[in-house]
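You will see two complexes here that share chain A, one where it goes with chain B and one where it goes with chain C.
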Partner chain A sequence: MNPAGGELLLFQVGTRVFGAAVDGAVRIGNVRDVPAEALVVETALGPPFARDRGIVVSPRQGEERTLVVDQVLGFRSVGADEVQPLPAFARACLSSTALTGFVMMDDAPLLLVDLPTLVRERS
Partner chain B sequence: MPDPFDLESKPPKRAPAARRAPAVKGDAGKIVAALRALGAGVPEPLDPRTFADAGLRAIAEALNAAAERSGTELREAVARMERVTAGVDEAIEAMIRLVIQGDLSGTLRLGVSDAALTPLIAGIGQVMETLKKFVTEIREAALQLSSSSAEVLAAATQNESSTSAQASAIHETTATMEELKGASHQIAENAQMVAAIAEQTLTGARTGEGAIKAFMGSMEKVRHNAVEVDDAIAKLSKRVERIGTVVEVIDEIADRSDLLALNAALEGAKAGEAGRGFSIVAAEMRRLAENVMESTKEIKNLITEIREATHAAKEASDGNKREASEGEKLGGNAMTSVTGILSGIQETSDAARVIHLATQQQRTATEQVVQSMSEIEEVTRQAQAGSKQATGAASELTRLAERLAELVKRFKVE
Partner chain C sequence: MADPKPPDPRDPSGASAEAWFFCLRLLGGRYAFDAPLVIEVVRLGPLTRLPAAPSFLPGVFTHRGEVLPVLDVGQLVGQGAVPLRPSTRAAIVHCGPWKVAVVSEAVEGLVAIPRRQLEPPPAESSGVAEFLSAVGRDRSGAIAVLDLPRLVEAARARAVPAGSGA
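Up next, the complex of A and B:
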């Protein structure tokens, strides 16, 4: 995650929308084209519903896993000053370290996710 | 010589004085006077001793003898006449008495007997016998007449009673026939009405038959149309399936286009400021892909709706076919029923026509019967009057017969 902001990839899992740095995504693909063992379905973001899209992530060097999401919504540029760190209490309560902060978007907090960390936690 | 006992004959007239013989005087004159007195029926005896002449004396004596003899015979004749007259009177009195008393049983017996009465008695006996015979016959006839008149009266009374009963029965029959005439008239009108209604019903049933045929034709057409609709729906389903397949392809292409656009945008985003234009193009492509997918989604929804509508149409079509088949079946049943009804109505119509004709004939016949019954009633009325007259006459006859019997009873013949 670039703490100074930049381009965010917006995607939806379940009913919630998340943002991730575009550098954490290798490409975007179809879930049906990916073998099941390469899919990462349930993560700290919750279970997806439609499972339409897959964000290919490289958690480690030379390895690719596909994070199953419901929808890839698009891209958004955010400034560094827009990125807020998670409160310490919230960070302490979360079991995942993939959630790195949030930005306010349309008067709602958009959680920022570190995709390689998220996939690694499920590997 | 006239019969001196002939009382009916008039006495001979004396010769007029001018033609008289010249007067004889003396004894001869006495003799002449005596003869004239004898001739007049008043004999005057002569005294022969006073006659001087012997011859005249002998004549006087002979004249006296003749006068005496004539007087004797005359007295005898008078006596006999008196007896006969008494016998006749007795016989007449006896006859009158017998006739008055009516006793013809006995025989006539007179207190006097004379040969001259014998024919009278015999005649009276014959008359009485004849009367007895007549009375006997009249009595028998009166009895028979009484019996017959009683029978006639009874028969006349019975006849009058029968005639009255007959008249009453005929009157009732006439009244009944009048009612029957009215009823026949009513029946004839009703039969005509039934015939008219049957004819109307027949027309209606034929119309119904035509309607059922048209209905069956419509049902067949509906079934045919339903089959055509079924085929059309099947074709439409195939087309829709084909469209669905095409839409799936388009959707797949759009999805891949979207993926490509996403990845292009991702690469553009990764490239930072250098990839800005690339990202814009990618975003535009993605919008197009999303529009396509949105459209395909709408098309899919439409296809789903079409499928549902097609399914509903198929079910409706199947229902139409079933209903049409059921309608045809019901129409066939209705046609069979209507055919039977038509046959029945035709028979009813024919029967009603026949009944109408028959009732018309019946009405005419009834009117004739009523007319005849009226005539019969009139004749019976006359017969009743005649019967009453006959009963009256028989009653009078009976009364007369009884009167005759009573009268005849007065005569005793045994």
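Up next, the complex of A and C:
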């Protein structure tokens, strides 16, 4: 997520809702017609339940991959002052560098994800 | 008996007859650590769980607009989790570069222990004993003194480092 803020794509994996910068997503689509080798199903975000939707991600290097999610919930604009980095201790302990920070949504922290990093970690 | 006075900042040498600690109830016992590490005590409130997190990092919560990580000492030492509820109390501490909220079963607050009653910890090197710097006793009973900076650093070191591919 750009620390200056921007547009977020909100999506759900399992029971959790995440946000990601929209410029990390190429498009949103169905997963049925995507070859299995192009799907990214289990990531640091955990396994999806319904596996209904896909977020096509360009991992900066290599071919596009489709991140399988349960729902795409919509978009939201956030200001720079709404974005908080991951606390240093949490960043040092997590097994994924794709989790980058938070924005407050309905008084609760919404976890921000860097989509290209997330799919690259599973490549 | 008068309430204990807070530590005198003019006496950082520890030359006084009493040592001051901040005491929590954890793992069914009384555990304390150096009082100056504590910034404040808060109720946890709603916890946001983090994916890809070790068990001793059950999540984060928001306090005055700041997102803080929660450290469960019980999980770290393999002796069971502290029950987490919105009413659970935590001590926000600064340990070197890390700012974390240590969850507890209850908070006692500042305690004074006569220095002559502080003894070396038992020689055990497993579980929470690994992180004890002393044991002591006050009017309410026995207290185990944690080396909290070492414990927090051990937690960080035990986590799977990001980017390791694990």
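Operating definition for what follows: the second predicted complex is superposed on the first by the 121 of 123 C-alpha atoms of A that agree within 3 Å, B and C clash if a C-alpha of one lies under 4 Å from a C-alpha of the other, contacts with A are read in each partner's own complex, and residues count from 1 in each chain.
Heads up, the rule we're going with is that a contact is a pair of C-beta atoms (placed from the backbone, for glycine too) under 8 Å apart; a residue touches a chain by one contact, two chains touch by 3 or more.
Nothing here was measured: the structure is a model prediction, and the numbers come from that model.
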With the two complexes overlaid on their shared chain, look at chain A and say whether chain B and chain C clash or fit. fit
Three-chain overlay, vertex chain A: chain B-chain C angle, C-alpha, nearest 10 degrees: 90
Once the structures are superposed on A, label A:Asp23 by its partner contacts, choosing first (chain B), second (chain C), both or neither. first
Looking at the overlay, does A:Gln84 come into contact with chain B only (first), chain C only (second), both, or neither? second
Touching A:Ala36 in the superposition: chain B (first), chain C (second), both, neither? neither
Once chain A of both complexes is superposed, is A:Thr97 in touch with chain B (first), chain C (second), both, or neither? second
Between chain B (first) and chain C (second), which does A:Leu9 come into contact with in this model arrangement: first, second, both, or neither? first
Per-residue touch tally on chain A - higher for chain B or for chain C: C
Chain B to chain C: minimum CA distance in the overlay, Å? 25
Spell out the part of chain B that touches chain A in their complex, as residue ranges. 255-256, 259, 262-263, 265-266, 269-270, 272, 279, 283, 286
Chain C contact footprint on chain A (complex, rising order): 16, 44-46, 84, 86-97, 99, 102, 104, 107-109, 111, 121
Contacts from chain A onto chain B in the complex sit at residues 6-7, 9, 22-23, 25, 27-30, 53, 72, 74-75
Enumerate the contact residues on chain C facing chain A in the complex. 46, 48-54, 57, 60-62, 65-69, 71, 97-100, 152, 155-156, 159-166
